[in-house]
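Below: one structure in structure tokens.
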Amino acid sequence: MINVLVLSQHSPFDDLYIRDALDMTLIFAAVEQNISWLFTGPAVLALKKQQQPEHIGLKNYFKSIKTLEIYDVENIYVCEKSLLEYGLDKNNLLVPVKALNYQQQHHLISQQQQIVTL
Amino acid sequence: MINVLVLSQHSPFDDLYIRDALDMTLIFAAVEQNISWLFTGPAVLALKKQQQPEHIGLKNYFKSIKTLEIYDVENIYVCEKSLLEYGLDKNNLLVPVKALNYQQQHHLISQQQQIVTL
Amino acid sequence: MARFVLSLHSAPSDHDATQRLIKFADACLSSGHQIDAIFLYQHGVFHASKQLNLASDELPINSLWQQLYDQGVSLMLCVTAAEKRGLDINNTGVFSVAGLAEFAMLASDADKWVQFK
Amino acid sequence: MARFVLSLHSAPSDHDATQRLIKFADACLSSGHQIDAIFLYQHGVFHASKQLNLASDELPINSLWQQLYDQGVSLMLCVTAAEKRGLDINNTGVFSVAGLAEFAMLASDADKWVQFK
Amino acid sequence: MSTLHIFSKPLSYYNTDQLVNLIQPSDQVLLLSDACFATTQFRQLARQLLILADDAKVRDIAINKPDLALSYDDFVALTLSTSHSITW
Amino acid sequence: MSTLHIFSKPLSYYNTDQLVNLIQPSDQVLLLSDACFATTQFRQLARQLLILADDAKVRDIAINKPDLALSYDDFVALTLSTSHSITW
């Protein structure tokens, strides 16, 4: 089992970036690797509650993010500074997360075998 | 005849952005509109001399930029601050340009009927 | 009544930009304005790929284009941008293959050109 | 000898990233390393479009992929990413259609995963 | 002579320095898509922000004074009441 | 335990604040493609920059000390001498 980190930096509806990252995260969990997902910058907005893109014809992928726990993806991290930037409260997101400062993000990175930015 | 501005903001080998802007600039000249092309941010690097991308297999589109004068495209503008940022001298670029500060860029924009960012 | 041209610069995978352009076009028409052309440029050319076939819970891109086409809106694929991206310009469905010059003339004639990306 | 997996994330129109991945792959092989897979993901999936056909003064993308294929490198198209982008997954030439799970297993096994974009 | 500036991503996607210096008080700033998340960031570009109502609503974003919610019909009208638009 | 940070665009494409705080003195910073134009900008991330020689050369960019020119073979070796890479 290796440690793999998916790093997201794009906003929720910037092309399919977050959806690609979601797929990648779920699949590494499925093949039983120790997967972590880190949201930084505008990517943290993908964890904002009560978004309903289906009302403008877009797929509601937030429902799948909510299922991460069911698939044993527990290591979900967000950049503390980015939460502040977008006025989000870490205790009121779609899923439970750990908020990290830059030093903690560096520590997380240092523990990985593979890192993929999506 | 209307005033049309092409606004470039991408670096020279970021996908085909500059090449698309070049095509658009040339075609508006060909259909006899008053075309201007403004380079800002890393796009100013597309005017740097002596680039030879053919040596790594990429098309040398800088040769076509040099032909802009032949096609009567004379209104080539660059952001003064961006030149400074990338250490370029406005008198030593591929083609003659006018360097503009932000106020002058705003004035240029205010004179246009259509503006396209590419 | 005003005359518009619209251009789409992002790929079909940018569903959000696509639905926005379509809704803007619908609002133009229902407000009594005219759309002289919708032009696919840059990554937008992939909308004319004959392969485009999305899952049923995704934005129904093909039928949205068909609806605009049925209302008589001229949907144009930029041949220069398409060829630079290796797209097959035969068999482009509701999109007509057009030169950049044709679009530039339409854009010069129109009251407004609005880009979507 | 090390084992690599490489992934390509940008479209064929990003000629620069494409030539860089190919040269990195060549250097891997000539240094005696092994490439377990080159994986097309995100906009990279468009490299497997059967339409891809560029002008003669452009990067000869098709023949570069063919050369890697002829050297026995496994070129994989991510089926999930392809379907989300409406790409036809029949007739993908030198690229084999693979599930994300297959790639994830290869990436977990490899010494190094290097992304190109 | 006012310009309509159109954004669809948070401000970090753009060159803030350029925008702060280019955009004039007489210009209009319209937020679409993921730009709607970032009203606080865009406030430095304009006192009043125009926001596409549909895009704000699906993201559960409230539009408060002095900002203005726009329908698609309003968006069309806005492109006609300004001299030209720039989609950044 | 050092990380290889790979860039292919000028620094303005990235989140500078994040990078300045994440990248450590023991890490390596490699510039490819259009990132080669921006050695001055990337200097704030590392004392010594590694630069792909081919990409610098076609852009007519000189590589000066303390920076280091890399061949593709060097690039491959670098991915093996670091713990992992991040292609930003």
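Residue numbering begins at 1 within each chain, and the chains themselves are lettered A, B, C, D, E and F in the order written.
We take it that a contact is a pair of C-beta atoms (placed from the backbone, for glycine too) under 8 Å apart; a residue touches a chain by one contact, two chains touch by 3 or more.
The chain lineup, named per UniProt: A, B = Sulfurtransferase complex subunit TusC; C, D = Sulfurtransferase complex subunit TusD; E, F = tRNA 2-thiouridine-synthesizing protein.
It should be emphasised that the depicted structure is a prediction, and the values quoted were computed from it without experimental measurement.
J.: Return the chains shared as contacts by subunit B and subunit D, ordered by label.
T.: Where subunit B and subunit D share a partner, that partner set is C, F.
J.: If you average the Cα atoms per chain, which one ends up farthest from subunit B?
T.: Most distant chain from subunit B: A.
J.: Quick check: more C-beta contact pairs at A-F or at A-C?
T.: Of A-F and A-C, more C-beta pairs in contact link A-F.
J.: On a CA-centroid basis, which chain has its centre farthest from subunit F's?
T.: C
J.: Could you please state the distance in Å, as a whole number, between where the Cα atoms of subunit A are centred and where those of subunit D are centred?
T.: 26
J.: On a C-alpha centroid basis, what's the spacing between subunit D and subunit E, in Å?
T.: Taking the mean C-alpha position of each chain, the two centres sit 39 Å apart.
J.: Quick check: what residues of subunit C touch more than one other chain, meaning two or more?
T.: Those would be 11, 13, 16, 23, 58, 84-85, 113, 115.
J.: Could you check subunit E for residues that touch two or more other chains and list them?
T.: 12, 15, 33-34, 54-55, 84-85, 87
J.: Send over the residues of subunit B in touch with two or more other chains.
T.: If we look for residues of subunit B contacting two or more partner chains, we find 13-14, 16, 41, 56, 58, 114, 117.
J.: Check the chains against each other and report every pair that touches.
T.: Between chains, contact exists in these pairs: A-C, A-D, A-E, A-F, B-C, B-D, B-E, B-F, C-D, C-E, D-F.
J.: Report the residues of subunit E in contact with subunit B in the complex, numbered from low to high.
T.: 1, 3, 15, 17-18, 21-22, 24, 83-88
J.: Show which residues of subunit A lie in contact with subunit D when the two form their complex.
T.: So the residues of subunit A touching subunit D come out as 2, 4, 16-17, 19-20, 23-24, 27-28, 30-31, 33, 114, 116-118.
J.: Taking the complex as given, what residues does subunit D use to touch subunit B?
T.: Those residues of subunit D that touch subunit B are 10-11, 13-16, 19, 23, 57-60.
J.: Please give the residue numbers of subunit A that touch subunit E in the complex, ascending.
T.: 11-14, 41-42, 45, 48-56, 58, 85-87
J.: Please name which positions on subunit E make contact with subunit A in the complex.
T.: Touching subunit A: residues 9-10, 12-13, 33-34, 37-38, 40-41, 54-55, 57-60 of subunit E.
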